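Note that chain A is present in both complexes that follow, paired respectively with chain B and with chain C.
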Partner chain A sequence: MPYHQFKVSECIPERLHHAVDKGADEDLTDALPLGYLNTIPGTISERGCAYCGAKHVIGTPMKDVIHLSHGPVGCTYDTWQTKRYISDDGNFQLKYTFASDVKESNVVFGAEKMLKKNIIEAFKAFPQIHNMNVYSTCATALIGDDINAVAEDVMAEMPDKKIFVCNSPGFAGPSQSGGHHKINLQFLDQWVGTGEPEIYSKHVINYIGEYNIQGDQEIMRDYFLRMGIQILATFTGNGRFDDLRCIHKAQLNVLECARSAEYICDELRVRYGIPRMDIDGFGFEATADSLRKIGYFFGIEDKAEQIIAEEYARWKPELDWYAARLQGVKMCLWPGGSKLWHWSHMLKTEMGINVVSVYTKFGHQGDMEKGVSRCEPGTLAIDDPNELESVEAMYELKPDLIMTGKRPGEVAKKIRIPYLNVHGYHNGPYKGFEGWVRLARDIYNCVYSPAHSLVHLDISKDEIPTDKGFATRESLSDVNLSDEIKNSTELREYTGDYDPIPRLRKKLEENQYTFPDPVTGEWRQVPLETIKRGKIVDVE
Partner chain B sequence: MDNKISQEKMAQLEWYITKHCLWQYNSRGWDRLIQNERILTKTKQILRGENAKDDDTTADRYYWSEAMSLQGAFKRYFPWVAEMSKEDIAQILDLLKERMDHTMVHASLNQELVKEKY
Partner chain C sequence: MSCNLKAKDRVGVINPIFTCQPAGAQYVSIGVKDCIGLVHGGQGCVMFVRLTMSQHFKESFELASSSLHEDAAVFGALHRVEQGVDVLLMRYPELKIIPIITTCSTEVIGDDIDGVVIKLQEGLLKTKYPDREIHLIPIHTPSFVGSQISGYDVAVKAFVEHFAKKEAESNGKINLITGWVNPADVTELKALIAEMNVDATVLFEIETFDAPIMPAGNHVGHGETTIADLQGTANAVGTIALNKYEGGKAAKYLQDEFDVPAIIGPTPIGIRNTDTFLANVKKMTGKAIPESLVRKRGIALDAIADVSHMFLTGKKVAIYGNPDLVIGLAEYCIDLEMEPVLLLLGDDNVGYKNDPRIKAMTENVKFDMEVVTNADFWELEDRIKNKGLKLDLILGHSKGRYVAIDNNIPMVRVGYPVYDRAGGFRHPVVGYDGAIWLAEEMANHIFTDMEYKHNKEWVLNVW
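And then the complex of A and B:
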């Protein structure tokens, strides 16, 4: 695997070891991009900061929490809302964001008094919310505000309130990943073990590294509940603060995004002996294997197999409809961290898509190990590319689409390459069986968009064809398809709902799930309130 | 079994692991060695029809679950696995373990593997 030299980065020699071309008969011991290093002077990368990683990625998906940034207002605004980490109880965490709004005078004279006032004011404005995360920022970390002391002070005055202090200022690491690390361990140290949960099933997991983007967590929650598994807490998508205090009581940590949350799993393994099981919730085979593995752990593999059979029967003909039309599509898979390895092999085997490049903005070398292993020879793997490198790669590789976030996505659009937002999603959820079909549908709509094909015409110089009539996606995608596939009565387009989440929430409200009693093992229903908001007893 | 054949068969199993599994990527080298040892040993034991449960801890149950999943996938993907003798299984799985230790730890270029703390 030779390192890849970008022409635009010849003047920045340090960049050479951040990109490789995967060779046919080579392995990870031949070459591996460097990763998780400080941004090199002279190159502008697309990373977030450690504060953003802590707050935006990990902290804010917690649903019954006031998220307050102790810093200038821009910090909180720029980490607000953009990821669509929804919750099933009203989206408080998306509707509101809070900042202490630090100004110059606070930097000179200190901002602790103002912070205390603001915390109390926020709690009083939203009396139904009893938990708060306070995030330090660069400014307040540098002036040395003691946020922990302020939080202790407030909790003494308001004993029914709980405050988690996240000390992860923007400069505390090369990228957002530094913030992932800090919030994982700080939450564990400050709050895990302070609650005793109500256990209602024989099988108890934490679902870790899952952020409920457009309902991903709720898709997977349905599978787990159908298996009779109690989800003690989700770290952190759609997660309750109190549930997260109890994660030391699970039998198994099911880890989805290792990049953002392996730290808390590893520490729970060391401190409490809870095993860590990494899973892939994207793709049919990967999801099936994951459910099967969890089934083995609890001795309920028959339940897993039943779900797999039902989901395959329901959704596989729809996946295959898109797969028949996506064969050979060229894609740059440029997400933030984990999706490059969650997706690259499944996109190839289940949709026929050729991933020609993977990149990560904030991933570590471990992420590149997974990503490079799972993609095909010839793929260009890039760590923390700058914008010029991304543009050079797009011109060179000529992908049919880019799957990335909105900032690099806008760059792609400007050079007329369609992009799908795989951070906040276009029409997610993308997880599980149904979610994977929705992703296939979004890719299909993106690649074969008749409207997008018009961007290749430059009205200032190109001759506009007037002999071409109306086009549809299908008329573009089906040109080379066999009659057998075109006329198949088994394959069909996505027939699910515009938004599948209300259906899953209704199912939960109807309490259709059963669980084995923790003591007797007898399968029975559990009160809905217990499933949704189990009792937590405070412990010292 | 001829060494060349066993190497070829081992490479097929390695291919499956690199494309489908995540357990080999724990972030520290010592951790990876434990994962390789526990999961591949149990996979070998299950494929040879032997007891693969050491104790009643959740840790052991976790390794066993990964091994159960892996051996099932090996049989699905490579029908020759189910027809091998116990000796051949041992030979190939031992080679696989050696190979995984080599690529994922001893010859790995991942600079984080030697860090002390998580």
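And then the complex of A and C:
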């Protein structure tokens, strides 16, 4: 019987099919939890809503956009300063959020007029911003406001402004995932195809499903630019509204987070014939394979191999320093959606970590298929976990660390299990070669924290060791290491900066990249302004 | 020189100071023992409120959702409340109280939670849990009315109204309704009244929000106010509600319903307001203020003397956040010779214009002062960036951090939520200890700013 019966959930039998223990000889037909079903009320699930899935996860990383939520103020307040998606031009999207602030009279008499006032006010307060995303919420969806009509009205009056309307109220689906789907398709329907981009390279991609958490996008962008590839737009991390209008002109959609953004890729394939290539920037092998795949697609394998060689030479000895010390560490990998399958295999092969449990808050069965198939036998896989099940699993599995979100991390802390934040990251970025070393470093620092090593001592009962004034991380991590590894002159700890992103931004500003001419194929420099803000011609 | 109160004249909000009503009700709910709130609405209404709590306290708190999905929005969702209550009761055997907290969506679709509570009491609770003490409390907190502040106020009253039970004899205690405070504030308030040998029912006992990592067992942060505490509120010698807007309704209810005399306010921030608080306790209980408190107060005055007229005097400060906190801080700043030139209150409560504390400031301050209601952070930022407002200091919670960061203005983190500084919840702002912490924290922030900007930093060579 592959299903995992939580004691705390015996009284709600429908939960049984949401958790499995992967058996040694079982395939997915035996062991696949149900996914993406309506949440059972009162379970204290960790799920969010479809509004936050649309606005907070996918919409807001767009950097030159006023993000206005049409509803009472709480939705806006909640989805502001609770994520770490940065941009390379001042973080407007992190610093500012806008609410139409619907009140009781608006609920009674309708809120369209006040929404129009709101939109105009917001544009006036920030005259340098010409784009706006308006998000519906539960309240305004239920009272039936026609937001699209209001947006059309304003755009007629203010012809230099563009408004995208996202109709994804909180109740629209079992979790935030419903919102991912909605905003993907609505953006495509409303704005993709309305701009003609300036093409400056022979190789042109969209980077889809990447949100620039702590600079992930900028790490990967560096690789693509080094390969001479033009990135038309990133959907949506560090992305510009105007660039995103032009994504129908790419030759290839490079898709990172399939859970949140496969919808737009699949539609772009149907409508514009653009192929979809799923890649994975987490892990050395995964990143290298991804660059190779893109290289093959464009016939520039040599460029990919050159980057891989350079990055391996620079970073592999640092990854291996940590990997030597992380062998056999037990981890619960409890992210939101796709990281359960992006990470579990790479953590095992490149750091020697045993992932003993995976869970997903808003993943679908497809995520579990990939996740469970990449896990070792014995792994506990949980769909839509709830508080009591998580606690039971932690006591049962006794992992050395948990990689999860901020709040569940606080639960783990009290069970004396250290945690790393895999949504906003501890000290990211975690993508690419350098990023993966940073993750290894953070895991190492977390597991071998000298302060954490004191949490199990009960000073009222136990013998108190009095011979030490401190402990080093190495004294905890190197106990069973061979002298060969301990004294290795090859391996070393992370030597990058506290923040690696300024270095990459400087590289761009200094225009260090070259691209093959779209017509002649000749490699040459392109004006910086074209790379950063290519000309876009409006088309009907 | 003038002081005026006006509402923000824009219709929208650019960077909100407040969140909506259900958040306030949820904050009340976590202060009660054996209680898990069931929020009737979309899942985000709970998930993010819990997230903000965990950002502020670095703890996790239990709150449940009825998980409204599409079908529920169309056909009504009372069955999800019924199922939610049952699931909670089955899985949390200690659970005794489930407040059912509404949101905008479930108020718009018109779900009758009062009706479903009766239905559950007559049905599920009798048939499935006949021997268990269970309380279901409907709390109406539509998000489009009021704010987190009124949500808190409404919820405190709902709890008190549900439980308060008149006995023949007084319990000899006072009810101390603290308002929306931190664990350290409760510790300080209890220390003050303990010195006077006064016993109090504290609403709410939240010192445990600062929870330890223990060598064995799972210690979840949770409040400790009990059903007996709440029942006893009807039999107290009196109620002191420290915050007019966060608990005032409950105090008034106890007075009207059970003749428990109520004193509402002042928020005991600063020496003067703490003195008043002690005077009120003395008046209500007849207990003397002991020498030990004279000494405690003296230490605070001593600390203030060190910093006020040398460093704090004349400093212009903007304050935003919960209304009682903002008003209390402004009053204290004036006592410290500072100039609170801008107060921002994040909701449209029409009562603010009649608040005697605001009126007193309006009539007496000799510097230009503005009080803005229904305010957002743009009211602050726009004045600094575009209208020439000069500030030496900002007091408020973390959501406003970029106003301080981008304009190079030092900012002392007070209120809720504070997530960009460590341990904010461990420092009181009320009482004499709060007065010390505030005065010194403000001075230290100004010192750091002097050093950072090389602005007479050498003064401190010999201080």
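Worth a mention:
The rule we apply is simple: the second predicted complex is superposed on the first by the 526 of 540 C-alpha atoms of A that agree within 3 Å, B and C clash if a C-alpha of one lies under 4 Å from a C-alpha of the other, contacts with A are read in each partner's own complex, and residues count from 1 in each chain.
Following the convention adopted for this analysis, contacts are C-beta pairs under 8 Å (C-beta built on N, C-alpha and C of every residue); 3 or more make two chains touch, one makes a residue touch a chain.
This one's a predicted model, so the numbers in the text were calculated from it and none came from an experiment.
Partner contacting the larger number of chain A residues, of chain B and chain C: C. In the superposed model, A:Leu528 lies in contact with neither chain B nor chain C.
In the superposition on chain A, A:Val539 makes contact with neither chain B nor chain C. When the shared chain is aligned, no partner comes close enough to touch A:Ala309: not chain B, not chain C. In the superposed pair of complexes, A:Val455 makes contact with chain C only, with no contact to chain B.
By the touch criterion defined above, A:Ile485 lies against neither chain B nor chain C after alignment on the C-alpha atoms of chain A. Applying the stated contact rule after C-alpha superposition, one finds that A:Tyr77 touches chain C and leaves chain B untouched. Taken together, the two complexes place no residue of chain A in contact with both chain B and chain C. Every residue of chain C that touches chain A in the complex is listed here, in rising order: 10-16, 18-23, 36, 38, 41-45, 47-52, 54-55, 58-60, 62-70, 72-73, 80-81, 83-88, 90-91, 103-105, 108-109, 142-145, 147, 211, 213-216, 218-221, 348, 378, 382, 398-399, 401-402, 406. On chain B, the positions that touch chain A within their shared complex are 18-20, 22-23, 25-27, 31, 57-59, 61-62, 64-66, 68-69, 72-73, 102-104, 107-112, 118. Every residue of chain A that touches chain B in the complex is listed here, in rising order: 27-29, 31-32, 34, 36, 251-252, 258, 262-263, 266-267, 270, 273-280, 285-286, 289, 292-294, 296-297, 345, 364-366, 369-370, 373-374. On the side of chain A, the complex with chain C involves touching residues 8-9, 11-12, 38-52, 68, 71-82, 95-104, 106-107, 114, 117-118, 121-122, 125, 137-139, 141-143, 169-175, 387-388, 391, 395, 406-408, 410-411, 413-416, 455-458, 462.
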